[in-house]
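Next come two complexes, and both contain chain A; in the first it sits with chain B, in the second with chain C.
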Partner chain A sequence: MTGTAGHQTVTPGRGRRRTVHLERWLPYAFVALPFGYLVLFMFWPLTDQMLMSFADTKLMNPNAGKFIGLDNYRRLVADPQFYTTLRITIVYTVLAVLFGVGLGVIAAFAIDRPFRGRAAVRAVLLFGWAVPGVAAALIWLWIFNLPSGVLNDITQAMGLGRLRWTNSLGLALPSILIVTVWQVSPFVMLVVLAALQSVPEEVREAARIDGADALNVFRNVTLPHILPTLQLVSLLIAVWSIRRFDVIYLLTGGGPIGSTSTLVVELRQTAFEDFNLGMASAYGAVGLVLALLVALVHFLFERHRARVMSR
Partner chain B sequence: MPHIEFRKVAKSFGHNTVIGGFDASVEDGEFLVLLGPSGCGKSTLLRMIAGLTEISGGSLLFDGHVANDWTPHQRGVAFVFQSYALYPHMTVRGNIAFPLVMDRFRKWHHIPVVNAIQRWRAMRDPELAASVERIARQLELEPLLDRRPASLSGGQRQRVALARSLVRNPSLYLLDEPLSNLDAKLRTQMRSEISTLHREVGKTFIYVTHDQVEAMTMATRIIVMNHGEIQQVDTPDGIYDQPANTFVARFVGAPPMNLIPVRLAEGSRLEVGASLAWTHAGPLPAAPAAILGVRPEKLRLFSGTGGMIAAQVIVIERLGAETVVGCRLDDRPAGDHGLNTDDLVFVRIAGHPGLHHGDACSLSYAVEDAAWFDSASGRRLEAGPVRHNPVA
Partner chain C sequence: MNRIPLASVARFVVIAILVVFAGFPVYWMASTALNVSSQLYNTGQVPWPQLGNLPGLIHELGQVPLLRWLVNAGVIAAGTSVLSLLLGSVMGYALSRFRFHGRGAIGFLLFMTQVIPEALIVVPLYAMFIVLGLLNSLEGLVLANVGFSMPVTAFILKNAMDAVPHEIEESALIDNCPRIGILTMVILPLIAPSVAAAAVIGFFAGWNEFLFAVTFLGDPKLWPTSVGLASFIGQYEVPLSAVMGSALVFSLPAIVFFLLVQRRIVAGLTAGAVKG
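Presenting the complex of A and B:
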């Protein structure tokens, strides 16, 4: 009897211990899967790439690279082409953010108020965002085409003649910017439109009662409300612009004479035409630092706003 | 202070008429409450006064001038929203000062840098700062001036909204259910604060609510609305004691006025259902049937058969100092014990009646406390002299 009683008291104890055990380890099991994914597909390649930037790895024999310290970076900062590439990347990124966000915001305001055919206009405006990069590049190659492109038909009708959009020094960067803005502004429009529609109507009305005209309502109510959204889309477009490859490579290939060669295009050139994986990794590291700097600025703004708003 | 007059003011949304032909006037310095159930058009009316909603028909007059097309700012009104509508990115000081900053704004200040400088200068203007400080002191907001709305409680936000409306010293205050987002205790406190504020500033307040307690405690005059139409315009006492129709009688008062459909029979006898009758020794309306209305506190409750109307206790609600007893009149066939509370007659008495659910009881009332309504239209009927003959 005593033994049975002892057995009966032990069984629930074991069950409870098993439950406690499970409760302790189950969260780790859930986290393990995404953590494994991040390690396998992000941290490991990133670390490998960073390590490769300190080695003289060649494409012909990728496993035979020797550690050379900061030599790749020394060569990079000594190369005038690197500064050109960096400048082009920054100019391209800044202009893509300015025009992409600007046009997207204007489009969002245009379709914020209800009008007949709004759904159709919105669908047409979204086209650029829905089209894959390669298809967008091909569409615009036709549009930019020297003998038969529609854009050249227009410039000719305006008396400007037929222009070499993608292979002239002055127009190559604007050309890829046009395509980039065409691609990203619908995304901005969608996100900003959602933010605009969440502005409380009563706050706008309160401002009107307080004597604000339309511009003051925008400046004092609408803009502060959509500012975090604008900041976020600016961050996204900046990061996407730093790493954009398809459109630039297909439209200009980085030319003419490197005038559209951004860090990513230069990275491909170094890795697959100069076969220098170590140097290409150094380019990748610079791109990563650039993207991290943009993210850092966004983070600092966000932290500042959160502090101010909670006061 | 503007004298406001509505002349056949109407509002339609497409084919849906929300307000049809509203005629009323608002006197200087009064606290007018627009009272009615949700969807009766009271907020729409307030928004039309503010210029936030277009008027579909009729005229709205400010001091005799048609103001239908005036901008909200031109009307010189203050509006307190149900959701407070504070500017979330501005401090309490910025929120209160905003109307004054806008008053100092000129068209050319729209130039970006000029705009920032103008704003900066306006906020440092000693006159503006003094106005903000004075209002903040009046509403006990001084310690909160540098905080943002997100870090304030509901009551504090409500006070900031009031302060923002007060700072420009407008002549007309429009308040759209400003207390409905507050808890019961805070609502009671804010109710008395708004009443005090009205007395202090001495301006005209138009206050929209569906809460009859707010209306009764704050108003100098009440407009009861239903389906976009005025049901009654009167003082709180007039609304309560002399309801114009059964809607007002049922809408104002908790529990509402008891409405008992009766037949007027020979010898001032009132009959209900098949088996219940009593003598009403007072004035009666000249109709074969009518609705008898008696407020719950005007009914007397007897255990047993001491009263003139036989009933049975169905519901007892203890409210502390008083008790509300729901009784069913003994006009039902035997064995009918339905739970429907719509036809209960409520009695409000002090203390505890010593009765229990199911007990037999009886009710009585003073004839001068009876109100009469038309059975078909629900309109109030004037009772004639005491009759001793049946109505044909």
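Presenting the complex of A and C:
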């Protein structure tokens, strides 16, 4: 350390120029390793996936595939399962956002004001979010179980009989949605709670003094304040729903007859159970477009909000 | 006068319903684990936990390779956490302290990693791991996981570093302390709580991960708990109490740590999307 300091006092000009030169490249030196890592293990595989969708790659030898142009895509659009998959993915995502955000907001409002035992209630309400996906799938499979599950004990007592929750056409998607809402609504609750606590109490108070009733205070003070948060959390839930694999795969395996097969489940099955990498890659391309669309919507909203706020 | 009690009664009914919906599955997991399996299918489940069956449950858990799965999951989780911290802290520092060409693009690409489904790269990674000899190895699994967990770590640490005043490192710079030394010896200790939170988040990303593990690890000796537990499904030799007991042991550390660092996790997961 003292050596370099001495060097600097002898030739100040040269030392400074070298420092300036170094400073310019310094950020890239820092970014190089982590970014190189992402290129190698994320962006290159993603590119490779897109390239594979134009080739007849086989799982037995996935590094050799012949270019076949748009054949995979032609087969994809001719396959009725593709449209089912696309529809299921969108329906599942929209409903997960709707019910997940809805229940999370209700929970946040219910425990926003202090009451005795709130800390314990808050902890219990987070369980679904904290339990690992695979464990969640096992618990719910047992709850949904046909001959011995507790949910069917209840429906039977109600006179509805025992229901095939995870493997009937009508109930498989609702079953997955129940588990999904159980998993994501606590996160929504946490985020909305944080936003609610930042609503200035004076503003609410002032509105009340001006004669606004509870509904008016909510609509004109609280809701505008938490709206950006709701938008952000809806985006996150949408993204996670498009990505979700473990719970769907373990609860229904995408069945019955493909009725709960979202894009990621269909992709994994096509690749590793039907050994058709080309078709799987075509599904991947569609999935990428879907994910990019969600991200784009988010960015447009963010930009719009930044403009409104700078006005 | 009548409205206030009615409103609060309604509120407590809502809270009660929410608590049952959120808490019951976890309670039921514990209760099932403490039932004798023959009870579960014949005379019906005893709904309250029978703590007297705990020794029986421990014996049953000894019959499944739960310990090996937990060790494997721990190795994967620790590897994911450490590598995410190493790479993420450097990335976070660069994004927090430097203004350079491409900074916005890198922020955007980091955000994109949170939008891309893991399933989209599972096939090309599988092909790549064959070539690199990383298939059927815990190291390969860590490398795959870190691509998704490192950007979260980077965002959390960048946000924490933004709150550290520049004067602190300027005095160190004048003393000719190298940048990497400033990062490790000055900045990271100052934001230790965020580093700890990022470490926990990275750990449980690896602990919970399923898709990569079930695809890349064919050898049952290498399975983490997630894959091991999933192998119980549709298999009737393992008593259900042991299945639920394993799920409980797998879930408990996650529940404890998620409850401890909940606020920071929320801040970290939302930060990338807001500022990316």
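By definition in this document, the second predicted complex is superposed on the first by the 301 of 311 C-alpha atoms of A that agree within 3 Å, B and C clash if a C-alpha of one lies under 4 Å from a C-alpha of the other, contacts with A are read in each partner's own complex, and residues count from 1 in each chain.
Just so it is clear, contacts are C-beta pairs under 8 Å (C-beta built on N, C-alpha and C of every residue); 3 or more make two chains touch, one makes a residue touch a chain.
Please read all numbers here as calculations on a predicted model, not as lab measurements.
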Touching partner for A:220 - first (chain B), second (chain C), both, neither: first
Partner chain in contact with A:67 - chain B first, chain C second, else both or neither: neither
First, second, both or neither for A:205, with chain B first and chain C second: first
Partner chain in contact with A:83 - chain B first, chain C second, else both or neither: neither
First (chain B), second (chain C), both or neither touched by A:264: second
Chain touching more of chain A, residue-wise (chain B, chain C): C
Common interface residues of chain A - those touching chain B in one complex and chain C in the other: none
Sites on chain A touched by chain C in the complex: 1, 4-5, 26-28, 30-31, 33-35, 37-38, 41-46, 48-49, 52, 57, 62-63, 103, 106-107, 110-111, 121, 123-143, 147-148, 150, 182, 186-187, 190-191, 194, 232-233, 235-236, 239, 242-243, 245-246, 250, 263-265, 267-268, 271-272, 277, 280-281, 284, 287-288, 291-292, 294-295, 298, 302
List of chain A residues in touch with chain B within their complex: 200, 202-203, 205-212, 215-216, 219-221, 224-225, 308-311
Chain A-touching residues of chain C, taken from the complex the two chains share: 11, 14-15, 18-19, 21-23, 25-26, 28-29, 32, 40-41, 44-45, 87-88, 90-91, 93-94, 98, 100, 102-103, 106, 109-128, 130-131, 143-144, 146-148, 150-151, 154, 175-177, 179, 204, 207-208, 210-211, 215, 225-226, 229-230, 232-233, 240, 243-244, 247-248, 250-251, 254-255, 258-259, 262-263, 266, 269-270, 273-274
Chain B residues touching chain A - in the complex, by the definition given at the top: 50, 52, 71-73, 77-79, 81-83, 85-89, 91, 98-99, 102-103, 105, 110, 115, 146-148, 150-151, 164, 168
